[in-house]
Amino acid sequence: MHNDKRNTATLLIHCPDQKGLVISVTEFIFKNGGNIVHLAQHVDTEKQVFFMRIEWDLADFIIPRDKIAEYFETLVGKRFDMRFSLHFSDVAPRMALFVSKLPHCFYDVLARYESGEWQVEIPLIISNHRDLQPVAERHGIEFHHFPINKDNKAEQEAAELELLKARNVDFVVLARYMQILSDEFVRELPNRVINIHHSFLPAFAGAKPYHAAYDRGVKLIGATSHYVTAELDAGPIIEQDVAYVSHQDSVNALIRKGRDLEKIVLSRAIWHHLRHNVLVYDNKTVIF
Amino acid sequence: MHNDKRNTATLLIHCPDQKGLVISVTEFIFKNGGNIVHLAQHVDTEKQVFFMRIEWDLADFIIPRDKIAEYFETLVGKRFDMRFSLHFSDVAPRMALFVSKLPHCFYDVLARYESGEWQVEIPLIISNHRDLQPVAERHGIEFHHFPINKDNKAEQEAAELELLKARNVDFVVLARYMQILSDEFVRELPNRVINIHHSFLPAFAGAKPYHAAYDRGVKLIGATSHYVTAELDAGPIIEQDVAYVSHQDSVNALIRKGRDLEKIVLSRAIWHHLRHNVLVYDNKTVIF
Amino acid sequence: MHNDKRNTATLLIHCPDQKGLVISVTEFIFKNGGNIVHLAQHVDTEKQVFFMRIEWDLADFIIPRDKIAEYFETLVGKRFDMRFSLHFSDVAPRMALFVSKLPHCFYDVLARYESGEWQVEIPLIISNHRDLQPVAERHGIEFHHFPINKDNKAEQEAAELELLKARNVDFVVLARYMQILSDEFVRELPNRVINIHHSFLPAFAGAKPYHAAYDRGVKLIGATSHYVTAELDAGPIIEQDVAYVSHQDSVNALIRKGRDLEKIVLSRAIWHHLRHNVLVYDNKTVIF
Amino acid sequence: MHNDKRNTATLLIHCPDQKGLVISVTEFIFKNGGNIVHLAQHVDTEKQVFFMRIEWDLADFIIPRDKIAEYFETLVGKRFDMRFSLHFSDVAPRMALFVSKLPHCFYDVLARYESGEWQVEIPLIISNHRDLQPVAERHGIEFHHFPINKDNKAEQEAAELELLKARNVDFVVLARYMQILSDEFVRELPNRVINIHHSFLPAFAGAKPYHAAYDRGVKLIGATSHYVTAELDAGPIIEQDVAYVSHQDSVNALIRKGRDLEKIVLSRAIWHHLRHNVLVYDNKTVIF
């Protein structure tokens, strides 16, 4: 779907649905020398909202890249009351990893990072424990220890936010980070904190979902990756998947099978985020 | 797994876990001339409960079939405080179908019945509407119309139960039957009423699960088949499955995709019930 | 994704990839008063081919519907060397069903037809056996018996083709039809004969795939729906799915589990064909 | 299913099917003080072969562990012409990893090893390239470089085999090892070399399966883990799984999605092997 070699720009757009949207956007790109590499649009007919992802080759595009956003806003965006974001394929997003003690998602993300599977920078790792510090250091990534308790939470989170800004972090991934972020923290990073929850939400939100799944006797377990919002485990879902289980599976077996689900589902969500495939609207995602 | 041609008996057993269970049961069968066709056992190590399904060929078995239950109880069951049920492969269970207006599960069950996919008898169909009566009649199956409202519910259910007894019905299948059965009704048929719910329970219990799934923005929808208990959508789960959906799927698309899930999941549950693969304990199922 | 109520037109287009395609097509629709309901495009970057599905509301469209194809060809199609087909949402495609003795796909299609799940007409059923004639007649659909042997194949197929023309059939569905169609027959209906094969092609093409799957000891079985071409089981794949199996599953169990796969996979393929979601190019499908 | 804490022994048995098998085995364990923790049996009714996995707690077992195999052979095995293997839960199998340049399966196995997800020892890593040597060394595992070409293959493999013996290796895992092992090598390690092939075998055996899958236009890709035999990609299948793909997925996208499949499918196969869940018979596996 996406061309990995060309230098492209991507617009993610949403606005009230109305006539002339597709043609106005494609005209802006075509008449200025852009060759469309990928186009997908979607209309939420219930809410009358239009969504679009359009990616084009910059080779012959006549508008300088630092002027594209301004020109688009002036010539198209304003007219249709669009909200949009602009991304360039040669800019690697900067991701901070938050971890606690469980290492499986952490290892999986690091392996993809080290082997160049993703176009991403990981300038720092933050944890409330020191357990995974040696792994971080082995990979040559800054590790910051922020132990959290109810007394120091506000100031620790403030320090974390400052550090994220200092390192120009674009988004945060909670790789089985076992702390609930405060509303204040989350508000600073809207749709930019990705969590992995170990159930098929909305079932089994909150603590110990595998134990709850075991007690309920479900025949499949799940994992859900979502953007973090103020309400626990209730943010916009990016990815979900499930695995079959049976009466033979103890809680430990669910945890074991779940680990594989969690790491794959989290990584797929990160992939979509990195490729600018995700639009969020009304607590739901459009994944192009 | 199961031999379709041989004449077999099947014991479904559960009891407190203890030493000597497997050997005592297998000895009972072996020493009396039975050849074991299928054996599966399971121990719930948390609750210390033992479960077993054992099926054997009756060809050389020296205990007459009408005495097997008595002999087993006397010689093995009592000693270990077992609860068991005994089934014969040449006896087709008798199933009553409850339907309302939605036909997809109904058609699917009838197609399997007519084509001999299952070993089952369907002596009657019960509905609170007349819409599907012509389909029932076309298949030559008795159709009984029991319109239900809050005033007549108790007496209609009583009449239904009487009819089920008169027709020697072994179990009931709710093929998208849009009425909630009373506790009294359910209590008469413990673990013998199979329902299909159109979500991956425990998510989206109750009414309009596809609308709720759409509103939550889940990336997969599900269906769950379970035995009906007094608490709505909370009975022991027999089968579950899911299908992937995306932002492109409207509520109608979820309903459309869900229909296929529902009919397959319900039919798999019926299959397990008919094959005597299911043991229920503590609101969970063991599916051998 | 698709609006079921509006009266729409759909264009399926493919042509050599080049600049200006999206804008030219959207301009044609927009400037003539059409409101785009669905747009999807795809570029095969390897073969440099552009594909598009565009659906628009006809309410305010100023070109009369019987002139749309001509105008589009003149104003857009010719310029870009496009091949396209045009479809209207208020025209139900006409489908002929070919069956032999296995009834599960047949029942499933008829149930969807009778319950109005699809917008389709089924003017006739053709079979090389009489087994399913009573079912066809019960549904009030013409049933034609064409027994086939190697001596009469050519003339029987000619008679079938004539009948299909006489009944204005748009496409044919082979619902486990156990005869291989001749090249001559297939050539008359390019990309208009849908078959269901009971394996995940290209594995286990040809006869007895479940036996072959059993012998190979695979851990999943599959079903594949494809357009029929001259080469057996080698046509463009529309839909595939799989189910998990284990050593416990005999050949009969594979056949039993496979039946559910087959009917679901075939019906999904028919759905896509009916919704004009399918473009065929170079023996592959684009499913919008 | 399996208890992780108790000290257990496991017997994997197969023999011609006959009366008295289950009772004889369970009697051997029960009468000598063993408490059965897990029992599963299977009969291949076509080939008349009986398979069993039985695991029991050694706490009160009166036969010394170094005599169990001998006693079982004398008292039970010989009588029924059984082939069996005996395993103890407190003995970690020793695994050698063979890798080339692709790191994803390698990273995944190492992460599980380092985090203690498996009970296994990895005494050495063998590669035909030096690319992954730094990763091996970081984990403190011996790395041996055996470059292979057609002239030195026989002697290099002989040296590898010698090294495997010197390190008491129980089994070998080919984690995307891009060399075909000679028949001589494979014959030394029957059912003890696990490979991951990047297709749903038997489709797309041999080189470049993702390219072949792309060219065929399949709607799902797969991965297969199997024991290596003399015939390429034709050994007994342990695990398989698939992922959905579409026309939007380029060959590179198939490769990307396939990586996740490969590492999960390989790891599940290793898990089953480590837990002594696998019996091989007639080029097929029974996975208990």
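For reference, chains read A, B, C and D in written order, and residue numbers begin at 1 within each chain.
The working rule: a contact is a pair of C-beta atoms (placed from the backbone, for glycine too) under 8 Å apart; a residue touches a chain by one contact, two chains touch by 3 or more.
This structure is a prediction, so every number in the text was calculated from the model and none was measured.
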| item | value |
| --- | --- |
| Per Cα centroids, the chain farthest from chain D | C |
| Between chain B and chain D, centroid-to-centroid distance (C-alpha), Å | 37 |
| For chain C paired with chain D, centre-to-centre distance based on mean C-alpha positions, whole Å | 42 |
| Touching two or more other chains - residues of chain B | 45, 248, 250 |
| Arrangement of touching chains [line / ring / star / complete / other] | complete |
| Partner chain B, residues of chain A touching it in the complex | 42, 44-46, 51, 200-204, 216-220, 222, 236-242, 246-248, 250, 283-287 |
| Chain B contact footprint on chain D (complex, rising order) | 3, 19-20, 22-23, 26-27, 30, 35-41, 43, 45, 244 |
| Residues of chain C defined as touching chain B within the complex | 1, 4, 103-104, 107-108, 111, 114-115, 117, 138, 248-250, 252-253, 256, 259-260, 264, 267 |
